[in-house]
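The same chain A turns up in both complexes below, where it pairs with chain B and then with chain C.
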Partner chain A sequence: MEKIKNNKIVKAIGFNRIVLIGVIILLYVLFSVLTPVLHAGTTFVSYERIMSALNYAYFIGFLALGVTFVIATGGIDFSIGPVMFASALISGYCLTKYNVPLPVCLLISIGVGLLFGVLNGYFVAYRFLPSFITSMASMQIAKGIGSVFTKTQSVTWPASAAENSWYRYLIKWNNIPTGLILLCIVAAICAVVLHKTRAGRYMLCIGSNKEAVRLSGVNTKRWEMLAYMICGLLAGIAAIFYVGAYTTVQPGLGDTFNNEAIAACVMGGTSMAGGLASILGSIIGAVIVALMQEGILAMGFTISYQYVLTGLIVLAAVTADIMSRKRKN
Partner chain B sequence: MGEVILTMEGIDKSFPGVKALNQVFFEVRKGEVHALMGENGAGKSTLMKVLTGIYTRDAGTITYEGKEVTYHNPREAQAAGIVIVHQELNMMGHLTVAQNIFIGREFRKGPFIDDAKMNEEARKLFQRLNIDIDPKMTMSDLTVGMQQMCEIAKAISHEAKVIIFDEPSAALTEAEIDRLFDIIRELKKQDMGIVYISHRMDEIKRITDRVSVMRDGAYVGTLITEECTKDDIINMMVGRVIYEEPKTESQVAKDAPVVLKVEHLNAGRMVKDVSFELRKGEILGFAGLMGAGRTETLRAVFGADKKDSGDIFLNGKKIEIKTPEDAVKAGIGYLSEDRKRYGVVLQKTITENSTLACLDQYVKGIFIDGRKERKVTKKYVDLLKTKTPGIDQLVMNLSGGNQQKVVVAKWLVNNCDILIFDEPTRGIDVGAKQEIYELMNQLVKEGKSIIMISSEMAEILRMSDRIVVMCEGKKTGEMDIAGVTQEKIMHLATMRE
Partner chain C sequence: MTIPPAYQAYFAETDADRRKALLDEIKAKDADDALLPLCRALWKLRYVDPKSGRRVDLFLWEILNLICLYRTAGWMKKSARKEVIRALEALGVSLAAPYGEAGEAVLSAELANAMRLYLSTCDSKSYRKRLMGLSEMKTGDWQYKVAGDIWRLSEGLPEKLDMKAAFALLGRVAREEFCKAFENGETLLEERRHAKKS
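Coming up: the complex of A and B.
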């Protein structure tokens, strides 16, 4: 066991990540076997199923990437789901009701996300509010603003082949999962930022020992705020991938996605105590979350089972994290 | 003074690497106030913790009311009648006085708490002590002095026979201290044995009957307070053999330029009008007892805490230091007394910690220049002889001395000219200590200037070129190393106005 753990390649990817990839394969096999049994006349093994699971993995993946930065600093952001919805609603409303050009709408979506990131970051970093409370509050604000802006109507983005529907190519083009490629590119950028730049180094150190970093002469507030801004920005991007997959957005929803994105992070080895984060882990976690929801639906269960499972996964992953920390001390 | 109620004999207690108590003897009689004195780290608190079961003793006996006893926790000691009144008050501010006194053993009427009975019982306690406090008042509305009296009332409500006061007067005003002493006299009359731990000589003379002195974990002796002078006590406290040769004269030229000048610094309760100068190539020692305000002073200089007023001059030029960022930019580095909390990022590598203070010098474009970073880390690991399997080792896996070296490296990588060492060798073993001393001497030889806060007399005498002594937030003296004695420092360190 120790030998495997000390292998160079295993170390580079992380033992935990390799186990998770095993979990993905296991889940896939499990669902493939169980689906025809539980839900007669259906199958799990198909290209459509995979594409459908990926659709879910994209936006959860972007949300998870963003919140990884926040968790790395030792904070939390519970507003990402509703912020994503607010982005999709406001930009979609601009597109469909005010005929704002599509590229501008995409920028509006990202801008709304970024704005919420600034709001969260300011109150956490410069006003010393607990991130838990701050993001709870901005979650309510995001839900409310989305509803107010659209006058409590749902917004439907242009469907395939309609005018202004090229944004859908971002997730799928000629049956090629372009979304996966884009997610991987953004993930790679995130990994570089987190592990190869000053910003990432400071964020991780702040998560481990903020006061020591401050006493080293680092402007901790600035870097802490930046983490929330990245998180908001990625929630705005996630919105584009959400509508790219599902077109319709309803106001007043979105909070279930927070938990799934955070679950993806903690599964992937990002510590809720801060200081330790894995971008690759968050992506793998997002894929597991997406696969599970696809499998649960395929087997004929309702989505409520997914909520129960996500909750259990968070409990298990955080417990494992805390236990491994205790062992180390 | 009555018969002996408590005797501790031959008490030993070791912690990894330190013998904290060595064959200590201590006794308390009924109706006496017995002072327990000694420098920082002499073992007073450890002895009291052994008595009340917070620590387990390695050897020795405790005899209480004629019976040999061992307590496993403060609760057991309390039940037997041995109670500590702590320096820091453990009170819940939003509860009433009576609720605080009876916390954990509330009177009840059926399933409900009987507040009326608690108030009545608390009132009786206060009457016994001749104190006028309304038990129904909210704790946070009381002054610190009154809160302490509540703590005392809580102590005697446990049917205490021995009460230990741990620096009770530290936070009190003169009038409150007078009240405290009235109460202590009252307790004395009621035949309780009282242990009084304090650094304040005048109080010792005023209130105590006998004085026992500890030094370096050992019992030195006991004096009758009436028959001794302040000097007698100081001599017993400091009369240790100093193994390391103290410095005899300053290594700094008289005309060396002043690199840092602090004028009339005020910050909070603990820093009152402090001024001092630091010369190039000098080690300026800050001596004083615990709570003298030395750390607070230097933290304010460094921008870690807010200043109320005062000016700072760097090389003759006035500068603003509002945050540690400003201080680091000005070339000042601060090594905290609490390394783990304020010095290192434990879960990160030596490399990451070494460049933390000046990471902007180790970037190429937008990326961190890993090679350059590793090179400089390697250089300082070798230079400081940091013992580690590699520079990618997490700092949490290093020993205390080596962690300290990582903090030193952090400031050297940033090329700081002024270094503030706050208790540089606390919790570090003897060998590593020696290396830190050599390192400090090496640094000043290279033209850096050091401020060293230390509570170890030997360290102050050995390292400093000049010494500033503080007591209760004020600077009480400053002197050249030539002609300094332990007694002189101790006089200044206990010089209250």
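Coming up: the complex of A and C.
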């Protein structure tokens, strides 16, 4: 094991990430074998299944990327799922009821997400409210606003071949998974921002030792708020990818995706204690979550099993994270 | 070389303004003191932002920055090495070099001062928090976390980037100050070393 860990390639990629990629392969093999056994007449090995899993991975991936920034600062954002839904509902309602041009609606979606990011960031960084409480409150606000704006009606974005349906090319264009390309581009930008810019270093250091950052003369409030703004912005983008994949959005939902995005982050190596974050890990984590969702449905189980499994993963990942920081003796 | 008694109070103090006043006192007593120009230059380097001129603590920042760098310097080690060289510059290494042994002693005392300040911030609520601030670390876990920071700065990062010589002074000072602050410092560092190897 030590030899493997010290291998140059393993060191460069990271042992944990290699384990996670192994988990993806293992899950794929497991579902491929179990699906025909448990759900006769169904197969897991198909292009459609992969595309379906990717559709799920896109928006979970964007949510996970966003929440990675917040967790890196030592905070948490439990509002990302409902914010994503509120963004999709409000912008979709503008598109279908008020005939607002599609590009403007896409910007509205991002803008709504950003606004929630500003709200969360302001209360956490400038009003010193615990991120846990703040994001719980904004989760309720997001759910409520989405419902009120659409008069508790679900919103259906234009389906393929309909007018204004070009936004779906963001997901898939001529059988090319454009969503995956865009997710990778955004992830690369996030990785550069987090690991190679001063802003990212401030965020990581805030998560590591906020008092020292403050004493060294850095405006911790500004950078902490920025983390929540990035998270909100990416929740707004996730909304576009959600409707691109599923078109219909229902008010009052979305909170189940919080856990999945947080699970993806923690699985990927981002520490709940702050100061340690992995963008690549979050993306791999999102793919695992999506693959599990697809596998569970393919095997004939209901989505409720997915919730149980995600909950267990969060528990296991957070416990592992805490245990790794505990003194052994 | 040891620090002259006149400077003991200066290096014991961690508040920037009081330190400035102490330097002024030393100057009033003996304006030709050989170490005074270096101390003043280090004070300016540490506490004055070269761009905006506002009061900062760049030594404290660089210590934290280097601890963080251990985690982000996975691949692209070349750029991490460049960052370390820049950080060591910001910590006054080249400023103290022309003063020889006396310069090293002064720089060592200045770094120890910054390190003490860093260790004092580790006792803050934000540092001890666990799980989004829902609970606080137990003393043992907290000490282990601080030891982790010191290990990364004094051994982890130098080994990772193969820059042991460049880190010699900073690493030594970090270990010494940690062991002064924590009775079981050596044991904690040994545990960290062992945890990393196993």
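The working rule: the second predicted complex is superposed on the first by the 326 of 329 C-alpha atoms of A that agree within 3 Å, B and C clash if a C-alpha of one lies under 4 Å from a C-alpha of the other, contacts with A are read in each partner's own complex, and residues count from 1 in each chain.
Everything that follows uses one rule, which is that a residue touches a chain if its C-beta (ideal position, glycine included) is under 8 Å from a C-beta of that chain, and two chains touch if they have at least 3 such contacts.
For clarity, every value in this text was computed on a predicted model and none was experimentally measured.
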item	value
Simultaneous placement of chain C and chain B on chain A, clash or fit	clash
Which superposed partner A:Lys326 touches (first chain B, second chain C, both, neither)	second
Touched partner set for A:Arg127, first chain B, second chain C, both or neither	neither
Which superposed partner A:Val318 touches (first chain B, second chain C, both, neither)	second
First, second, both or neither for A:Gly217, with chain B first and chain C second	both
Which partner, chain B or chain C, touches more chain A residues	C
First (chain B), second (chain C), both or neither touched by A:Lys151	neither
First (chain B), second (chain C), both or neither touched by A:Thr197	first
Which of chain B and chain C A:Met272 touches, first, second, both or neither	second
First, second, both or neither for A:Asn209, with chain B first and chain C second	both
Clashing chain B stretch [against chain C; choices 79-87, 367-375 or 475-483]	367-375
Overlap of the chain B and chain C footprints on chain A, listed as residue numbers	196, 201, 204-205, 208-209, 211-213, 215-218, 275-276, 328
Residues of chain B defined as touching chain A within the complex	302, 304, 323-325, 327-329, 334, 336, 341-348, 352, 356-360, 363, 366-368, 370, 396, 410, 414
Residues of chain A defined as touching chain C within the complex	11-12, 14, 74-76, 130-132, 195-196, 201, 204-205, 208-213, 215-218, 272-273, 275-276, 318, 322, 325-329
Sites on chain C touched by chain A in the complex	49, 54-58, 60-61, 63-65, 67-68, 71-72, 74-75, 79, 117-118, 121-122, 124, 126-127, 129-134, 140-141, 143-145, 149, 191, 195
Residue ranges of chain A in contact with chain B within the complex	192, 196-198, 201-202, 204-205, 208-209, 211-219, 275-276, 328
